[in-house]
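Scrolling down, you'll hit the structures one after another.
Next, two complexes with chain A in common: one pairs it with chain B, the other with chain C.
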Partner chain A sequence: MSVVPKSSRGPSWWTYMRRSKTRTYIISALFILPALINFAIFRYVPILWAARASTWQYSLLGGYREWIGMEHYLRALQDPILHKSLRVTFTYVLVKMPLEMVLALALALFTNQVRKGMGTMRTIIFTPVVMSMVVVSVIWALIFNADSGLLNAFLRMIGLPKQIFLTNPKLALPSIITTAIWKDVGFSTILIVAGLKGIPGQFYEAAIVDGANRWQLFRHVTLPLLRRTLFFVVVTQTIFSFQVFIPVYSMTRGGPLDATKVIVYYIYQLGFLFQDMGYAAAVSMILLVIILIISLIQIRFLRSEVEY
Partner chain B sequence: MATTTSLDLTRRPAGMSRAKRRQQIIGWIGILLAYVLIVAIFLTPLLWMIGSSLRPTREIFQFVFPLSWRTFIPVDWTLENFLDIFGLSETGRTLGFQFGRALFNTALVSTAVVTSSLVFNTMGAYFFARLDFPYKNVLLMFVLGTFFVPQQATIVPLYIVVRELNLANTYWALILPWYASPFVIFVLSQFFAEIPKELDEAAIIDGASLLQVLRHVIVPNGKVGLLTVSLLEFQFIWNLFYWPLIAVGQKELQVIQVAVATQITQREIAWGRIFAGSVVASMPVIILFLLLQRYFIQGVALSGLKG
Partner chain C sequence: MLNPLRRHRTWWIAAALLVILSLVLAACQPAAPAPEAQPAEGQGEAAPAAAETGGKEPVVLKFLKLNDPVEAIAFAKIEEEFRKIDGGKWSYVSIEYDTVAFRDLFPKIETSVAAGVELDLIQADGPDMKHYAWNKVLIPLDEYFTEEEKAAFAPQSIEEGSYKGVFYGPPFMQSCSLMWYNRDFTDAAGIQPPKNLDDSWTMEEALDAWQKTTVDNDGDGTPDVWGIRWGQGTWTGDYEHGIFRRSNGEKGSPTYMGMAPDGVTFQGYFDTPEAIEAMQFYQDMHLKYKVTPVEPIPNIFQSKKAAFVVFPDNIIGDINNQYPDGGFNLEVTGIPYFKTQLCHTGSWHYGISANTKHFDEALAFVKFASSKEGSRIYYEALRQLPARLDLLNELPEYNEYPQKLVKEGFQKFGIPRIQTPGYTEYQQVFAEVAQNIASGADPAEQMKEGAIRIEQAVAKYKGWNE
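Moving on, here comes the complex of A and B:
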């Protein structure tokens, strides 16, 4: 920031005329200080604290008992439940993200048409987004219920055999993924619709003049111009998806046979059910690093792809 | 929806060939099918929830098979489920349901967070949109850096901090961590940046202080942005679950989402009450969304476009 105010800088020059520079800075700082304090205490300090707690034998009841250095991290390397939990989490993200993106893209292209009723369709698709994940999970747990669930009623109607969804190790995770996509797809759809609206009409007109068909329009106009939006949606949704917790908590409690024990649920169990806060903090740190690395890779990818 | 599409059918451009006409009709049928599919997939769970909350539990089980309109529309309408969960009936009191209390807590916490967020985030957004400050970019990085701190992953560490501050098991634990939001500051400063700078300059020449500029120029001109972020913030806090679940232990401070997930589902076989609880926990935000959806959607879209 330059000290000498430029004339184009708006109000500042007048402020400088009337008051001393320092005084203006102090007043300005007061505007941002409360927010900065919040972010320091409630967003950054927890990470430092977790880093510290992860090197201690620490529980909520017993407090800091003994400094054990990297022992929790060594334990993490050999913890089969953690490894299973990481596998479950990655499966969840790698299945959910592509499905959600394809669905969101289809829904966005469909509802972006100028036609009666499309606005209503967008509202309907977006409604689950404003609902709480708790309510969505609770309702879907009942939909998936083996004896009186809506889905089994539907399966019976079309003549398929009854399924046990949430207590079957093969079907529990797909059920949770379905629930999460149902809730989240509207969010991605709205972002993509906003991206579609940002594409200037001339591009389509020019392509139509050149004789492009609908697929070619999509492939060579829509998709390249939508890239930035799509990458943004993928990055943010991936970060969120890695932290899935609520549907697991309220639908399966991590079961059956740990088939849905995603990593945030495992951390919750360690810290609050098994009273092993130190190890829970270590696993939190590991998750933090994983998410950070993945978002950095995605952002790098995004940059290189966009600036061609 | 069906009626609006059939209206389109009557608008037939003159001189259209038969094949083209047939293609068009097939197109309309396809769109109609897509409408039906979207409504079925996204609205059925909601209709089932609302319908079932208004009928006795045995009736829910009775009409699941075979699937028909009876599955969704109550035969024997009743408010019993709602009376139960609010502890207004004999059964409700015996089972110790306190949804009224939970609803009050949620409303209190949401209001407090939205209010404080309006104050502190507005100030923060004004700072980034308008004020001069040394190393302002570094401060911006500090704020935006929190986007990379995954919230659920740091809930346990956050709990450790809040506990050390002796805030656990108080209303403060539910309010203080959220009184400022990097996301809101970011979106709001985008809104503020679009207000013409000449307005500030004029006010300052008239002798207004920075605070007065904020109050009399920025806030009145940034109402749409303020409404948008308030709605998003309200929805965010209202729907919060994981943090309140661990931050407060006693039932008196429990919020509605935790009440739904713990008071009911863990031991409840009476589905009527589960549905009633879900309705209570989700309808306020859904109604708010239906009334003001333009702002909701604008807020979400903005976060993506400018991100």
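Moving on, here comes the complex of A and C:
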């Protein structure tokens, strides 16, 4: 048996640790380790399990019954309710997102002014964000009620006819969108305000010296330098919007005539009420792919080319 | 070379990170055994210490049930009495309650079972018992109840609590919805609803009364008082709303049965011309005659905004709680019908989870809680129709109006909802169909599409009762 001289074994782990660069890497890794563990346990592992469940006949009570491969995905191609729920979800996102972004930008520009009371104003705008979505949904359902709702009382007061909001297929989704915007706009506003405050004042000063008016300041200074913030807000809010569930669950239960049956509500129905968790997992995987693709497109087109 | 201060700081940071890591890992460990004798709010007395229980280690039974503050009082009392029976034999047992809202109970049971949560007792809705039995979530209790003991329960409850003839759990209450009304409104309209079931109104006769009691005082197009609210809460569930379609069939007909005997066929039962005709009437109540709001208003009857309501007898307790000094003239009449008068019975059952590690204690509790003594405690707190016939026959109030009608209705025309392991799937589709019809969708189209959707959803149970 040959004996390897101690000096030829390479540096000990202690020596290795003491090297400055290695130590920095290890310390950095330790910093992100809790977050990584959290992500692995609560995000990635469930995604993998959902991918596995999507290939089985699986229900929560009955467990895994039979492996069926891609059968659930083929079923999804022919499922008219899924197709309708996808249409409803895209309509929801495509209407809500632009409205919310424009409103949030306007509110952010307004509350970013150096005026008395702007702090209070920002607090008022942000308050719905910290409220429970269930509470918000219940309150808005009462406001929208056809016979005893505040909104119809107001319409009657100004001489307009009563509207049925939540049980009218044409008005139910707009009602849900209104509720969601009221709840979420404060979050987007605060982020945009933070972005506005991060724009260095010298850019405005230089533009003013060059004779820029208010619109030109907004168009050529604020918007380009806010692009990074707007990119973040658009991507995160789009993802959240695709995952809308609580207002639908609380206000309309997907009706009437499936007019508000967004995809996450449909997944809930399939998994928890129709005992079809395998198919629900397959639909969840489809939603994951859709969100990933849309996020990649957004990242491609909204990436900021301006650094400051 | 690092300066000593910086090196120290680095080590502190590393140590702190290790502590955080340990905490994260500790949090991922399996749950520690349940703390002993730490009752939650609404729970009964804490489990006594081992020394006080003849040396037996305390046992905490975990009971997943509905969130109902009045029921919590009843169970605290039942638990207290349970610990005294058999000379304190079960004094080492206590109950820990996990309570959820009605609509969350079924999903919560599912997730608890799937997650392998240590669960001993389940409060199960009668129509869901077959589903739990099919999935082997509950332990069959047939051998622990003699025929004599089972005969003490209402036959509807035995049917609801059984799967393929095997008894899975005793009931602790029953119900049968009748039509209650506020006499101030019927007097004002000059109407006198019949006070015995033989003279109950047909749907057409009831519609006339609902129209007369729908009042729009200020002429703004929105009634100040509506004629009728059909059902508890604001949902279009099968318990009350499913009565329409079944009532339009003669006894024994496919419409009346509502579903084929195989428990998975709905075409030809759910979508018969009679069922569609009944649901057309249901739509007309909302949109043509406008005697009931399209969008349900919470507590519409209790807040004196509706003249009639279809509700079980727990409405008496609701009204007494809201009007403790009187001021609400509550009366009852038979439930309206088309061809056959019926009410859906609705018992809640005790179920023992297949995950339990304390079967003997759970069984002892279930047997006591469903006994005459336990059922009496429950009844005294909630005042809802008992599922035990021996108790029901002893209660003098059920021999007098208004509860006399509830007892008679239950015994005369109370039938369980359709009995299938796929009841939840059925009810989900039915509720959507009913909501769509009330909102103006074509009843024939909805019922036919609904029947197909239900069959697709329950196909997995094919052959369950063979």
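Simple rule for what comes next: the second predicted complex is superposed on the first by the 265 of 308 C-alpha atoms of A that agree within 3 Å, B and C clash if a C-alpha of one lies under 4 Å from a C-alpha of the other, contacts with A are read in each partner's own complex, and residues count from 1 in each chain.
What we mean here is this: contacts are C-beta pairs under 8 Å (C-beta built on N, C-alpha and C of every residue); 3 or more make two chains touch, one makes a residue touch a chain.
From a predicted model like this one, the values you see are computed outputs, not experimental measurements.
Participant: Could you look at A:156 and tell me whether it touches chain B, chain C, both or neither (first, second, both, neither)?
Facilitator: both
Participant: Between chain B and chain C, whom does A:169 touch in the aligned arrangement: first, second, both, or neither?
Facilitator: Touch status of A:169: second partner only.
Participant: First (chain B), second (chain C), both or neither: which does A:294 touch?
Facilitator: So A:294 meets neither chain B nor chain C here.
Participant: Could you say whether A:27 touches chain B, chain C, both of them, or neither, answering first, second, both or neither?
Facilitator: both
Participant: Of the partners chain B and chain C, which touch A:38 in the superposed model: first, second, both, neither?
Facilitator: In the superposition, A:38 contacts both chain B and chain C.
Participant: A:148 in the overlay: touching chain B, chain C, both, or neither? Say first, second, both or neither.
Facilitator: Once the two structures are laid over each other on A, A:148 reaches both partners.
Participant: Is A:208 in contact with chain B, with chain C, with both, or with neither (first, second, both, neither)?
Facilitator: The answer is neither, since A:208 touches no partner chain.
Participant: For A:60, using the defined touch cut-off, is the partner it touches chain B, chain C, both, or neither? Pick first, second, both or neither.
Facilitator: both
Participant: Examine A:128 and indicate which partner it touches, taking first as chain B and second as chain C; both and neither are also allowed.
Facilitator: In the superposition, A:128 touches chain B alone.
Participant: Counting residues of chain A in contact, which comes out ahead: chain B or chain C?
Facilitator: B
Participant: State which residues of chain A lie in both footprints, the one left by chain B and the one left by chain C.
Facilitator: Shared contact residues on chain A: 27, 31, 34, 38, 41, 60, 148, 156, 272.
Participant: Which residues of chain B touch chain A in the complex?
Facilitator: Chain B residues touching chain A: 1, 4-5, 7-8, 31, 34-35, 38-39, 41-46, 48-49, 60-61, 64-67, 71, 120-121, 123-124, 126-128, 130-136, 139, 142-143, 146, 148-164, 176-177, 179-180, 182, 185, 197, 200-201, 204-205, 209-210, 213-214, 235, 238-239, 241-242, 246, 257, 260-261, 264-265, 271, 274-275, 277-278, 281-282, 285-286, 288-290, 293, 296-297, 300-301, 304-305, 307.
Participant: Sort out for me which residues of chain A touch chain B in the complex.
Facilitator: Per the stated touch rule, the residues are 1, 5, 9-12, 14-15, 24-25, 27-29, 31-32, 34-36, 38-39, 41-47, 49-50, 53, 60, 107, 110, 115-117, 120-136, 138-143, 148-150, 153-154, 156-157, 182, 186-187, 190-191, 193-195, 198, 229, 232-233, 236, 239, 242-246, 249-250, 264, 267-268, 271-272, 277, 280-281, 284, 287-288, 291-292, 295.
Participant: Where on chain C does chain A make contact in their complex?
Facilitator: Chain C residues touching chain A: 2, 10, 13-14, 17-18, 20-21, 24-25, 28, 106-107, 109-111, 113-114, 131-132, 135, 137, 220-223, 293-295, 297, 305, 424-425, 428, 431-432, 435-436, 438-439, 441, 457, 460.
Participant: Could you please specify the touching residues of chain A with respect to chain C in the complex?
Facilitator: Of all residues in chain A, those touching chain C are 20, 23, 27, 30-31, 33-34, 37-38, 41, 57, 59-63, 145-148, 152, 156, 161-162, 164-169, 253-258, 269, 272-276.
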